[in-house]
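Here subunit A shows up in two complexes: once beside subunit B, once beside subunit C.
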Partner chain A sequence: MRRALPLLLPLAGCDTVQSMTGGDGRQGALFNDLFVIFAIVTLVMLALVLTGLIASIFRRHPAKSSVPGENDEARDAPFRPLLIGWVALIATGLLFLTTATYLTDRAMQARAPANRLLEIEITANQWWWDIRYKSSKPWQTIRTANEIHLPVGIPARITLKSNDVIHSFWVPNLAGKQDLIPGRRTDTVLEPKRIGVYRSQCAEFCGAQHAHMALDVTVESWADFNAWRVRQLTPAPAPATPLALAGYNYVTTRECASCHAIAGTPASAQVAPDLTHLASRRSIAAGTFPMTRGHLYAWIADPQGAKPGNNMPVVGLEPNELHSVIAYLETLK
Partner chain B sequence: MSVMSGKELPRDGRDLEGTELHERLEKTWGTPPGLWAWISTVDHKRISKRYIVTALIFMLLGGILSLVMRVQLATPESGLITPDRYNQLFTMHGTTMMFLFAVPVMEAMAVFLVPLMIGTRAISFPRLNAFSYWIYLAGGVLLWVAFILNIGPDAGWFAYVPLSGPEYSPGKRTDIWAQMVTFTEVAALAVSVELVATILKQRAPGMTLSRMPLFVWVSLVTSFMVIFSMPSVALTSGFLLSDRLVGTQFFNPYEHGDALLWQHLFWFFGHPEVYIIFLPGVGFVSHIVETFCRRSVLFYPAMVLAVVSIGLLAFGLWVHHMFATGLPRLGYAFYTAASMAVAIPSGVQVFCWIATMWDGRPRFDTPLLYVVGFIFTFVIGGLTGVMLASVPLDLQLHDTYFVVAHFHYVLIGGAVFPLLGAFTYWFPKFTGRMMSERMGKWTFWTLFLGFQLAFAPMHWSGILGMPRRVYTYPAGLGLEQTNMLSTVGAFAFAAGLFMFLENAAVSLRRRANAGSNPWDASGLEWAVSSPPASYNFAHIPVVSSRTPLWDNRDHLPVMTGLRVDDRELLITTVMEAKPDLREPSPVPTAWPLIAAIATTAMFIASIFTPWAVVVGAVPTAAALIAWFWPKGPETPEPVIQ
Partner chain C sequence: MSSRFRVSLILLAALASAGCEREQRDPRGKPLPEDQSNVAKGDPRDNAYENVSYQLAQGQRLYGWMNCTGCHAHGGGGMGPPLMDEEWRYGGRMEDVVATILNGRPNGMPAFKGRITEQQAWQLAAYVRSLSAQPRQDVLGSRPDKMSTTEPATISEREKVVDETPALPRDEKD
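After this line comes the complex of A and B, so read on.
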């Protein structure tokens, strides 16, 4: 049945990194099954209606008396059983779909076992994602931005908060949406079943750059995930080249440090994305650009041109400052 | 015919017939030429036409915005328009289409048709009717002037807090939006009250509730829906304005407010609103099917019950807009069931229309083509609606282009296709002229195919992960083809709308020769001339069936005795429509316009200072006092049998 869904999507061709048809998570797969059930039932109902409509249009209508509306009420009677049957059919179909809905919903809600291996807190901001991997040991807490890594087959409990307006967390390949609402705490569970890279995108209109508020999701093996986690726990390396050192000095003492944090350096502000492992991420500016040197230049030199309206100001770096800042940021693997 | 002697007042009937009667009624009810008469008229037909023309202008403006958006979305990462401008565009498109086009145009159709369908000379509270048009016009102009000045709202037509709140939407944009909502609320509530009173108290003698035309039933139900749902949005947009202007904290979670309160109150209005737009379509379709199939719609009681039950269910499913907000699961079950249940009355209606076509002798003139297009499109939209009622499906499909496709199928398929069919069908009644049948068929097919091309691919865009309200999307997600198809289709649909207006404009220049009943229809509105005289009916008709013109082909029975030298209406009883009273109907006056100007000044100034409500209340109250100034003892008189 899981394979049947793409058949309904002649234009889709193949599953992408941001498609509901992916079914790459437990809930995503359940969604696919339920969608196929609904698609079949609704297509049958549509076919019945269209058959009736076409038959009524092309039927050879007998030339009855030319007076309109004669004996109309009496002529209604033969249709009565048909109407009753039609209503019964609709009601049965709805009952079936409602039952399927409740069962699927319960299956999706079935909580992961008590061992809480993975607890992630996601805080939405205009227009980026603040990520914290929680741990009972404070020194094992990870802070990153705009990307999450998940080990395959292990349920991740995700707590969702918002710092400003309402956003919605949605990884279509893995599971449905859950809103992030200021003043409330919501949660969801992701249970990826297949290794791969996916894309998440904010699904509730949240202002100027709602279109550019994405999140990279990497599902990997337990070993790869652990390697990533260990790497994330390490502070930023000291700059090795003179250019990178100049960049380090700029980033940690000038405008950048008033918003961003880099672990292992004096930069420790929390209002903007954490940069400690910036260069290891797949994209820049919440999934707006791929992580390349060219895009990094464009972004740092003119963030308002690259993503108009976002909260990173144009600092006005001199060319030599720009080169050094980029050289330093590229060391943040 | 001489002047009546003694205390006898001139009344229609027996001694007063034909041309003489027409001239005297015209003198009493007519709107003479001239600007002043044009401004002060309270004729429901004139006000309805103003409403319709204005609503169509707003539809064109909203449509142009959608074309700009479609051009922007035709290709990925397009730089045609800035995100700020795009957010204004989709906010204006949604706001214009919902508040300034769909609801007003449906109410305007009812304002024209209901008094004619039930056989009365005027709508009740005709001055309120004039007032409502001016207020509606002011609200629409306010919104569009703001947009042209680049201070148009940009927080979406649903204006979710906190994004629309004081912190994240500084400036006046959202205040203008919220105050525009106030204008349209006042206008819609006024019209609804008039329609309820007209329908319940002014029906022709003999038109019992069970003989009421379906469109009148629909108007009654939607009017009650407006009366019950609009206060909710009035309250919440008032909260928003007060949060923004005087520093209350209704929606601020950090001061014990709640961001979700807005969503509850907004959708408690917003979902009934969808049915307020769709149900008139049910009425149009029923009348068109009856006339062109030469047979009354099957199972009238079932149709009426279906309309009433949709009206009731509409108030029990607003939370299906909020499945992703994390409310209690058990509550969701109720809203899933209620949302799906709408399929039952809708299914009954679709059955009855198709069975009517089966059993009748259909003639596929343009209006009936729109009905066929409507059934096809609306059923698809309804079935995707069933999908969206399911929580697990909705959590994926919600706020994607799948939903955009769904509600355009329901609103364009379910309301605009019937509306265009209704325009074509009642065009002779409005104008005395027929629209071109040939052009009409070309128009229908262009609109129908353009629509499917524009909106069918959006289902796939959504499934491929395209969220709503994004000003652009990245390449490589498989969204390129579907979006390009949608853009091409949108232009085809726009071409169809242009052809429709072209057809109407060309037809208007023809000679008025449609005759009173060109389609050989059954309803009372076809008993009067096309276009109707200012007084509608020379004599009040008496009804003894649901299809009076079919059952009394030679001579429609009438009742006489209403005054001709003064505006007088026949008031009948609510259930049985038995003649009860003769009641005076207000004469033209400019006070509704003056009151509307005072109210407009108060509303707009209150965007800038809350004191405007206090100061502005004085001229508004003065205008209202002048409007309602008693003119002497005019008490309703009992009917002289």
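After this line comes the complex of A and C, so read on.
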């Protein structure tokens, strides 16, 4: 038993922020149930087959006849009902699994309710996620990056697009994978059942930094979600300290503003992650670093260090510029 | 199969694997030292940017991102001069194009110094020169990176066109 313990070690990874078996979302739970049904049915059948095989080894053989085929009839007679039962069992089992698969698939495909409470558009880029919370009122549209917040129990309709190559959107805790294909629109529905913090990972190899393309998923209560949404709708606060003001001047007039946008400032380019509420996120650079001051310094000073090949260039900031830029970015809560 | 034949097969495979090395990329874009003795042959950065497909592809990306198309279209020109012919108002060498991008030129070309990094300017210059087929042909991509995207006819569920009159604005509860 003690020797078998290391074999159980991988199971320890099954109950984390990135787990397929948690059943934290409706689709994920449905799929998990189907998996359990399949496991039970196939294991029972395996046990039956093995029992039969082992029994056949220990069965007493009748005396051999010199004429081949003479004893076959008498020997096989008692097994005929068993054989018919076996075929019937296999047919029933396959029919059962097919029906279970069909019903699960229908249940997963079931459309979200008509009231479109929550519509999110996710655009994949090499190697980050561009997020838009859509609304019929343009001033209530939220743009963020590398994080989504979802209210618990409410289905979110998600439209998926790609700007460059094929990516795949996968929140293992909540639902299955869905590809993001350039030139096409695909969609999926996320319906979280449990409040929690989950991690999504690009699930289709998309280039050198495929592994560093994660998405933070926060499932929270409707009240918390609305508070988050209201906060996201506010523009960036004006810099309060002289250092932050210097950073504001740099960020909004120099290289940063050529690609990034910060709502409420002149920086409005759309090709890189939106920075309006950067400091309120949990991670930097699509899940590459946790959001801390030290990691912000490392990322801005040398973006090509931990994530070589990404499209953020080494700007070559002077130390005083770096200090002020970080001081400003940290105010973007 | 004789053992000698097998050995030569293995050697051949080993030889072929030498071609597997990936093109070297320099993601940080360290500026190369300018060798003054070689000035006659041009800036040493010419080769580092112009003859590397990666740099051309990055330049192509930036060409769209920095809205070069706004004036130069996709090389055919518009408000700005065309870039796909062999006429260069301010010189067509890499250094000249980089200088044009970074410092701007009279009558409309804005200066991008401080808006993009020097590395990006060199990548852009390499791509601009590739529009008139200046770099080596084996470096050029055979097609643009970006697809021309129109919505496919296969999408079954389309956004409904709602007939909105000013008197009855559509209102959603959210």
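Here is the rule we use: the second predicted complex is superposed on the first by the 271 of 333 C-alpha atoms of A that agree within 3 Å, B and C clash if a C-alpha of one lies under 4 Å from a C-alpha of the other, contacts with A are read in each partner's own complex, and residues count from 1 in each chain.
As a working rule, a residue touches a chain if its C-beta (ideal position, glycine included) is under 8 Å from a C-beta of that chain, and two chains touch if they have at least 3 such contacts.
Model, not experiment: these values are computed from the prediction.
S.K.: Should A:S168 be classified as contacting the first partner (subunit B), the second (subunit C), both, or neither?
M.R.: first
S.K.: Given the touch rule stated above, what does A:G309 touch, subunit B (first), subunit C (second), both, or neither?
M.R.: Both partners, subunit B and subunit C.
S.K.: In the overlaid three-chain picture, which partner chain does A:V271 touch, first (subunit B) or second (subunit C), both, or neither?
M.R.: second
S.K.: Which partner does A:C259 reach: the first (subunit B), the second (subunit C), both, or neither?
M.R.: second
S.K.: Let me test your reading of the model: by the given contact rule, A:E191 touches which partner, first (subunit B), second (subunit C), both or neither?
M.R.: neither
S.K.: Regarding the shared-chain residue A:Q18, is it in contact with subunit B (first), subunit C (second), both, or neither?
M.R.: After superposition on chain A, A:Q18 lies in contact with subunit B alone.
S.K.: Looking at subunit A, does subunit B or subunit C touch a larger number of its residues?
M.R.: The partner with more contacted residues on subunit A is B.
S.K.: Go through the superposed model and pick first if A:L50 touches only subunit B, second if only subunit C, both, or neither.
M.R.: A:L50 sits against subunit B, while subunit C stays out of touch.
S.K.: Touching A:G183, do we find subunit B (first), subunit C (second), both, or neither?
M.R.: both
S.K.: Considering only touches as defined above, state whether A:S136 meets subunit B (first), subunit C (second), both or neither.
M.R.: Touch status of A:S136: second partner only.
S.K.: Just which bits of subunit A does subunit B share with subunit C as contact spots?
M.R.: Of subunit A, residues 164, 182-184, 308-309 contact subunit B in one complex and subunit C in the other.
S.K.: Sort out for me which residues of subunit B touch subunit A in the complex.
M.R.: Touching subunit A: residues 82-84, 87, 155-156, 160, 162-163, 167-168, 253-254, 257-260, 290, 294-296, 298-299, 302, 324-326, 329, 332-333, 336-337, 340-341, 343-344, 347-348, 350-352, 354-355, 357-362, 364, 372, 375-376, 379-380, 383-384, 386-387, 390-400, 457, 460, 463-465, 467-474, 476-478, 481-482, 520, 522, 547, 550-551 of subunit B.
S.K.: Would you mind writing out the residues of subunit A in touch with subunit C in their complex?
M.R.: Result: residues 115-117, 135-136, 140, 163-164, 182-185, 253-255, 257-259, 269, 271, 302, 304, 308-311, 313-316 of subunit A touch subunit C.
S.K.: For a test of understanding, state which residues of subunit C touch subunit A in their complex under the given definition.
M.R.: 25, 27-29, 58, 61, 65-66, 114-117, 119-120, 145-152, 155, 170-174
S.K.: Inside the complex, what are the residues of subunit A that reach subunit B?
M.R.: Where subunit A meets subunit B, its residues are 9, 11-14, 16-21, 27, 30-31, 34-35, 38, 42, 45-46, 49-50, 52-53, 55-57, 59, 61, 63-64, 67-69, 72, 75-76, 79-80, 82-83, 86-87, 90-91, 94, 97-98, 100-102, 104-105, 108-109, 126, 164-166, 168, 170, 172, 175-179, 181-184, 186-187, 199, 201-211, 287, 308-309.
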